[in-house]
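Each of the next two complexes has subunit A plus one more chain, namely subunit B in the first and subunit C in the second.
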Partner chain A sequence: MYSKKIQEKLKELGIEIGDRVRVKSRGEVCEGILMPKQELGDPNAIVVKLSNGYAIGLNFEGAGLEKLEGHRKIGFKSSDEKLKHVAGKPTVSIISTGGTVASRVDYTTGGVNASYSASDLVKAVPELGEFNIDSKFLFGMMSEDMRAEHWKEMAKAVFKELKTDARGVVVTHGTDTMHFSTAALSFMLKDLNKPVVFTGSQRSSDRGSSDSFMNMLCAVNFASKSDVAEVSLLMHGSSSDDFCYAHRGTKVRKLHTSKRDAFKSVNDEPLAKIFPNGKIEMINSNYRKRSEREVSLDDKLEEKVALIKTYPGMDPEIFDFYLGKKFKGIVIEGTGLGHVPTAIEKYSLIPRIKEATKAGIPVCITSQCIFGRVHEFVYANLRKEYEAGAVFCGDMLSEVAYVKLMHVLAHSKDLEEAKKLMLTNIAGELNERTPVFE
Partner chain B sequence: MYSKKIQEKLKELGIEIGDRVRVKSRGEVCEGILMPKQELGDPNAIVVKLSNGYAIGLNFEGAGLEKLEGHRKIGFKSSDEKLKHVAGKPTVSIISTGGTVASRVDYTTGGVNASYSASDLVKAVPELGEFNIDSKFLFGMMSEDMRAEHWKEMAKAVFKELKTDARGVVVTHGTDTMHFSTAALSFMLKDLNKPVVFTGSQRSSDRGSSDSFMNMLCAVNFASKSDVAEVSLLMHGSSSDDFCYAHRGTKVRKLHTSKRDAFKSVNDEPLAKIFPNGKIEMINSNYRKRSEREVSLDDKLEEKVALIKTYPGMDPEIFDFYLGKKFKGIVIEGTGLGHVPTAIEKYSLIPRIKEATKAGIPVCITSQCIFGRVHEFVYANLRKEYEAGAVFCGDMLSEVAYVKLMHVLAHSKDLEEAKKLMLTNIAGELNERTPVFE
Partner chain C sequence: MKCGIEIHQRLATEKKLFCGCSAQPGEEKPIATIERRQKAVAGELGEVDLAALHEYSRNRIYRYQVFPGTTCLVELDEEPPHDMNKDALETVVEVCLLLNAKVVDEVQVMRKTVIDGSNTCGFQRTAIVGSDGSMETSKGDVGIQIICLEEESCGIVEEKNGEITYRLDRLGIPLVEIATAADIKDAKHAREVAEKLGMILRATGRVQRGIGTIRQDINISIPGGARVEVKGAQELGLIETIVEKEVKRQEGLLRVKEELEKRFGKNTLEKPAMVDVTEMFKNSASKLLRKECVLAMKLEKFAGLLGEELYENRRLGTELSDYAVAKAGVGGIIHSDEKFEKYSIGKGDADELKKRVGAGEKDAFVIVAGERKACERALESVYERALHTFKGPQNEVRRVLPDGGTAFMRPMPGSARLYPETDVPPVLISKEWIGEVRRKLPEKPEERKEKLLKVLNEELAERIMLSKNYPLFEKIVNGLKVEPKLVAATLEETVVSLRREGAPVENLNENKFMELFIEYKCGKFVKAAIPEILRYVSRNSGESVSHAVEKLKLEKMSEKELKKVADEKKKAGKKGKELIEEIMREHRLRVDISELSKIVGA
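And then the complex of A and B:
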């Protein structure tokens, strides 16, 4: 709902949600359909959906607002609308958290941040008719705003669905930080017994080239039919609409701003190739299998963890900033095999790593190279970091080490135990030591 | 040279550089050849080269030191030793700055951080006999310790060589931050008229699989024979020893910790494929050609620039840290198309971007996706960043935007002019606007 002030103004002008309007704001003139307020949008903005399919927020203060001819019905479905189940069909739960994929429903309802319901979904993707779909609305958020608190809510919601008779759970999510969320849920859902499949889209369904429908279709198929009881991230596997990859949730990263196949498995093979006709080809034979295990929820996270990327000329006092703010853990995304500025005393991070370690704060090392693994012994400078107390995180992604450290520190206050846990594989995030140089 | 204290102790024990020694330091016992002090190494460490080829620094304080049987002659060549030029052969200048590639010479002289001379080089790579080589020693540094001051020294040294009759200049460099250095020199050498080719190696020549020799050979060939008057970065193009790629210095990044083909061109084609037999196949037709232009040196850099990587849960006060320290420019490595935390007021970077912009501090946006381009208009949240004053840096790499902002701010104190310069292509770092979604 818009603020009282905006509502009053709209009433005064006789404008309703769904009306075609012209808005003059800060020198710009826009025409489009007046949309409902965005879930977490600027309270002073009104949202207008342009003819090119984009919805934009326009500052309401001092804006000129005019009603035009035309009205479009904006549908709102109840978040938990339950489609009638058909006996014999497998059930898949879908939890919606927002992002571009949620604007898929834009196509049918006109609402960019609206929840989409099971009936919308089945309507848009007729192939989903072979499943019973339980659709839950959790958030209508863009993923750049997600934080630990949202991962906890997601983990709870997924956990709840895992307890039903659903074959698996699909989570729709903005793509920007989806790989952080899959890592978080990988650590939070212990003894996972069914597939949990995150998916999203790079282009909303307003565009002919949208990847939403195929990703959704492949995700539901993978959740229902595969025996991979892990948190995975499923997106296009190529820039064509031919197949998707399911990546392990702790071994994947967004590596392109806009391509449909933006996500790549890092230091691991994708789990499987999934075709829009529902066919699944396993690629990675090393995965946790579907079972009758009892899944448990472990959603504790220590939020005072920092991720620092090193670069030539970086100010080493950034370390003091975090220590001063009583951060409990630090991940350093170093260069190459895990290097940090070392030899020039004034700029060296070595004394800072020592200081943090002495204070019981684990300092974990990853590489900004993304691919490959860090190693503490190849060069003398790496050995110095190690001797200062740094934990070299093998082939773990920086993003995953960051999330894992939040998880680990919520479970252990002891430095040595925390260090040990960081180097123990929990959810496929750490491959066994392989030679640094293949 | 070691410190006076260490020198005295060595003298007392009758130990000379090159002697085989046993060192007991902090519970560890090492045997190997005593090496000369590392250029920028810990002043309290002695350097011992182990039988596996690695040289390690061992703390001298309280160390037990013992002379063993055996001595190996450690050669030191003068840094500017000039090989006699042979008339008719093309000349290539080589400037050594350190890194793993410098340990190539290890093989002949035993010194890990020693300079290598032209004669060493020609001895190790007989195919280089077709060139006159001028070899200069600049630094013996690992690249994780390089900073703006080193880029300036490098630019000066290269500029000097460009003024000679050399066909081109090769710079050998540690790989970790080589792409920062190539970006820096791309901006600092104006109207470049000859090839400037950076190369390094991922494995020292102690290893059978070393890439040093082939990279060096291809780099000298490319510097001499190609007509690409740009700063390029040349490394293995595949994990076999079949060819190298020369990448544009502003469009390349290290993307693997240890593979020989760790560097990849990003958002651009490699410039050329270079074979060890000297053959060059151009790939990219869009490059600056060799000419009779007068090159000039423009080595001013504003060092108070920060690079901030965003992540879910980041502390937005990191911005205040840099503003408080009077930083002059900030690059934000955002998510996806350039997103930063936006919607939740408490964590939003939007007010910080506004504040910095008001204070005349440019805030530049890149993407941690690495591949692709940022864009200010696709989503409402991006538009908010743009309206707050952020400069969206198109398809520029974060590392390059960081170096470019240092360059730009040294030339313009005016915010609008600096913003404009950031969005003007100077050295191939910014491709013209292409559609965000191909």
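And then the complex of A and C:
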């Protein structure tokens, strides 16, 4: 935002962002389009886009400002155009929820903004012409803002599309918490009969090098052509634009802040490799097949669940906060095989685990190692946790355990049933055997 | 004629512009290759850039070589850019001041769309630092329009079957771009301006040297012609030729336009049919034509025009061919104003071709061979280019050929190609900072030369004034009060001859030279010993200069010792000049001749 002084001056002169202006500063004159101020810039510098396309910042102090003829609209105009169906082409539904895949540079906030609709993206990927695309706008939000209520809305929207004649459903989503959403929908969509494919991008779609184009193309192909009736997450398989992986929605995690191939399957093989020409190579033979079953929606979630990470020096009193706030379930992301501090009485979590369990609150254990499974018997300290009532969640990811506990608590009448359900495989989140990887 | 030039010069910073990688690529071998595709996307104002679309229409795959020391995730477009390199910005501010340009108050980094794959992001980061400068030349002042700081693009390794391989080590090196106004008077003047700008840049002592570290783009237009940007002239010597040939080319195209007006009146060229003549050449002696597909196409009323010479060895037919090469990736086309024997096409075949495309006396025709799709695209491009000839020269970007001629590269990009880079915060340039840079400003080349001519001969003065060693030269001469001639000769001549004989002179850093001249100043050794000492130190870079002197037994003879040697010679009956010569012959590396003369004379 410009400083108050500049804003007032602009108002006084009747100048708006996008107007052509003349700025006289230190004896020099320059003309161009008045640009909005980037968040990070100096609020006292006026930014003008010159006729050669460059923008420069000029100090407002002592500068003369004048309005000229002409105005340019700044920003991208999203199209909401409905795309017509052609008989004989397979139909795929695309639901957009926001994120980088739907982002463009926004000049008013100075960052990328989720304002790009699925139909804009379809226009940008002409190869999608071999499909009938039904695009729906659900939200335009960055995924870090998502909450359980959004998963429910997403599940409802996907459920509705599954009832149409679409071959499959694609959901475009911000990448940061995409794996939470895929886990949530994996539990909420029962007897899934078609592919539900989540995709996103690490580079916004306004740049020619964006990964969104290929991810989108592969996602639509996978939704239409594969027989994997699961909720999957599909993103780049490498740093190159050569193929994508579809990962099981409950066995995947974002493992890099910025790379295209940030998502990896954890404790499981990816489901399939998908190439931009539409070719699909199955990798994992263990998946639910496309069928004529009747899909149902079960979107009940207990939202009072906490995910706590242990670390050297942690204060066990954090438990008191959650217990005091009447939370119904806790997932502890322990160290190594699922350890929590136990030996020094003052800092031990064991009394807290006992207290929670006694109050009927399940305490579930996962590992911050990300890869591998937790184990309740290898060390004495692990046995202490187990004896205190903790539920060791096998090879389940922390994020998935957190979402699953929300689902389980909305469907169980007591602690014992909840514990049992946590250790029962519902949507591929628990593997009995860990495959050997490279 | 209107002519302006743009200079791109790499800066000699330690690190790249937006990441921590080394800005000085060495001899590293690539360790991996990644593969990318790029798309034309709508720009800031919703328009798709024309140049971008053109590249996209070629549907290319780009490969990028990864180098361990000079590539990180930023170059791979796998990590956002880091903060702007302040050393690079300071150098550009310095260049602005040297060119009397106005420095902006806040630097706004922009993204300049490039879809030829030369940047993994699909854009190049660039920012205006200064504008409205000027420089003096022999033909009056030349205006400097803008001075930008930008990132270097990828280096091209090879281009094969529509796939380009780039190297990432170059990507992101800071560049200064200087664009002059169209004030250049003629071809010779263009060269002078380029030379002078190069000299000013080198005077900062903060730019890279060597092949590929400086490039000139030239903008040329003639009355009635078009604006043409010639990209990538690396040799100053070629600039004159480039300008001369481009002027001739545009004049030639204007002649063609006039002729077409005579032949066509108000009409234009109807789109001709493409005729498949593949089977005609199935058993042809010409390998060029034994391809999956050979297509031919008539160009009505074009007879004789394709052979029109635009400048030496360049005909209109080549212009059409360039388009086909650039847009369809074919090797080229053959046209009816060429000598067919060159392609082993006999008279019979030529007549048959004429018949098949339906060409009469007044018509021309073209042939292209290759994959069917490429051939079709090639002929479409030829038709497109043929239509352009009705309008004369086109606004376009051309690349330099080795002989100073040019070939079509892509259409001139529109103004939609710049939009803000929001990942990098704008950088404020304070008045205080500018003041600081101004205080440290190097003299202008002509001032520096004048100063040096007082203490050095012209050749040495010219060499040291533009040398990267100039700051060191000043430091030694001013700080240690060593004779300028010796310092300049050591830094410029001795080191070069040591390098020629294969000594690893890159080990001789600033500290080593300071040490050398301190020891010299203290009288440890004589001038003549310097090459020996430097040779030794370059090969044994861990050892000190004084140790080297000891080891090589090059200590300067003390007065006492010298007297003793002289006395011995005198006893042997030597005297005067002969005595001096003999001692110098035997102890050249250890004796200061003036000292000896004094002793002998006494």
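Note that in this section the second predicted complex is superposed on the first by the 330 of 438 C-alpha atoms of A that agree within 3 Å, B and C clash if a C-alpha of one lies under 4 Å from a C-alpha of the other, contacts with A are read in each partner's own complex, and residues count from 1 in each chain.
Everything that follows uses one rule, which is that a contact is a pair of C-beta atoms (placed from the backbone, for glycine too) under 8 Å apart; a residue touches a chain by one contact, two chains touch by 3 or more.
Computed from a predicted structure; not experimentally measured.
Undergrad: Which partner, once the models are overlaid, touches more of subunit A's residues, subunit C or subunit B?
TA: B
Undergrad: Let me test your reading of the model: by the given contact rule, A:N277 touches which partner, first (subunit B), second (subunit C), both or neither?
TA: A:N277 contacts neither subunit B nor subunit C.
Undergrad: Who does A:Q7 touch here: subunit B (first), subunit C (second), both, or neither?
TA: neither
Undergrad: Identify the partner contact of A:G57: answer first if only subunit B is touched, second if only subunit C is, both if each is, neither if none is.
TA: both
Undergrad: Quick check for you: in the superposed arrangement, does A:S367 touch first (subunit B), second (subunit C), both or neither?
TA: first
Undergrad: For A:G334, is the partner it touches subunit B (first), subunit C (second), both, or none of the two (neither)?
TA: In the superposition, A:G334 touches subunit B alone.
Undergrad: Could you tell me if A:R203 is touching subunit B, subunit C, both of them or neither one (first, second, both, neither)?
TA: both
Undergrad: After superposition on the shared chain, which partner residues are touched by A:F321: those of subunit B (first), subunit C (second), both, or neither?
TA: A:F321: touches subunit B, not subunit C.
Undergrad: Using the superposition on chain A described above, determine whether A:K259 touches subunit B (first), subunit C (second), both, or neither.
TA: Both subunit B and subunit C are touched by A:K259.
Undergrad: Give me the intersection of subunit A's contacts with subunit B and its contacts with subunit C, in residue numbers.
TA: Looking at subunit A, the two contact sets intersect at 38, 40-42, 45, 47, 54-57, 202-203, 207, 209, 239, 257-259.
Undergrad: What residues on subunit B touch subunit A, complex-wise?
TA: Those in contact with subunit A are residues 38, 40-42, 47, 54-57, 141-148, 151, 175-177, 180-181, 202-203, 207, 209, 239, 254-259, 262, 303, 305-307, 309-315, 317-318, 321-322, 325, 333-344, 347, 367-375, 378-381, 383-384, 399, 402, 406, 436-438.
Undergrad: Note which residues of subunit A are touching subunit C in the complex, please.
TA: Going by the criterion above, the answer is residues 25-26, 28, 30, 35, 38, 40-42, 45, 47, 50-59, 72-74, 76-77, 105, 107, 110-112, 124, 202-203, 205-210, 213-214, 238-242, 257-260, 276.
Undergrad: Give the list of subunit C residues in touch with subunit A in this complex.
TA: Touching subunit A from subunit C are residues 34-42, 44-46, 52, 56, 73, 76-80, 102, 104-108, 110-113, 115, 120-123, 126-128, 131-132, 146, 148, 415-420, 422, 425-426, 428.
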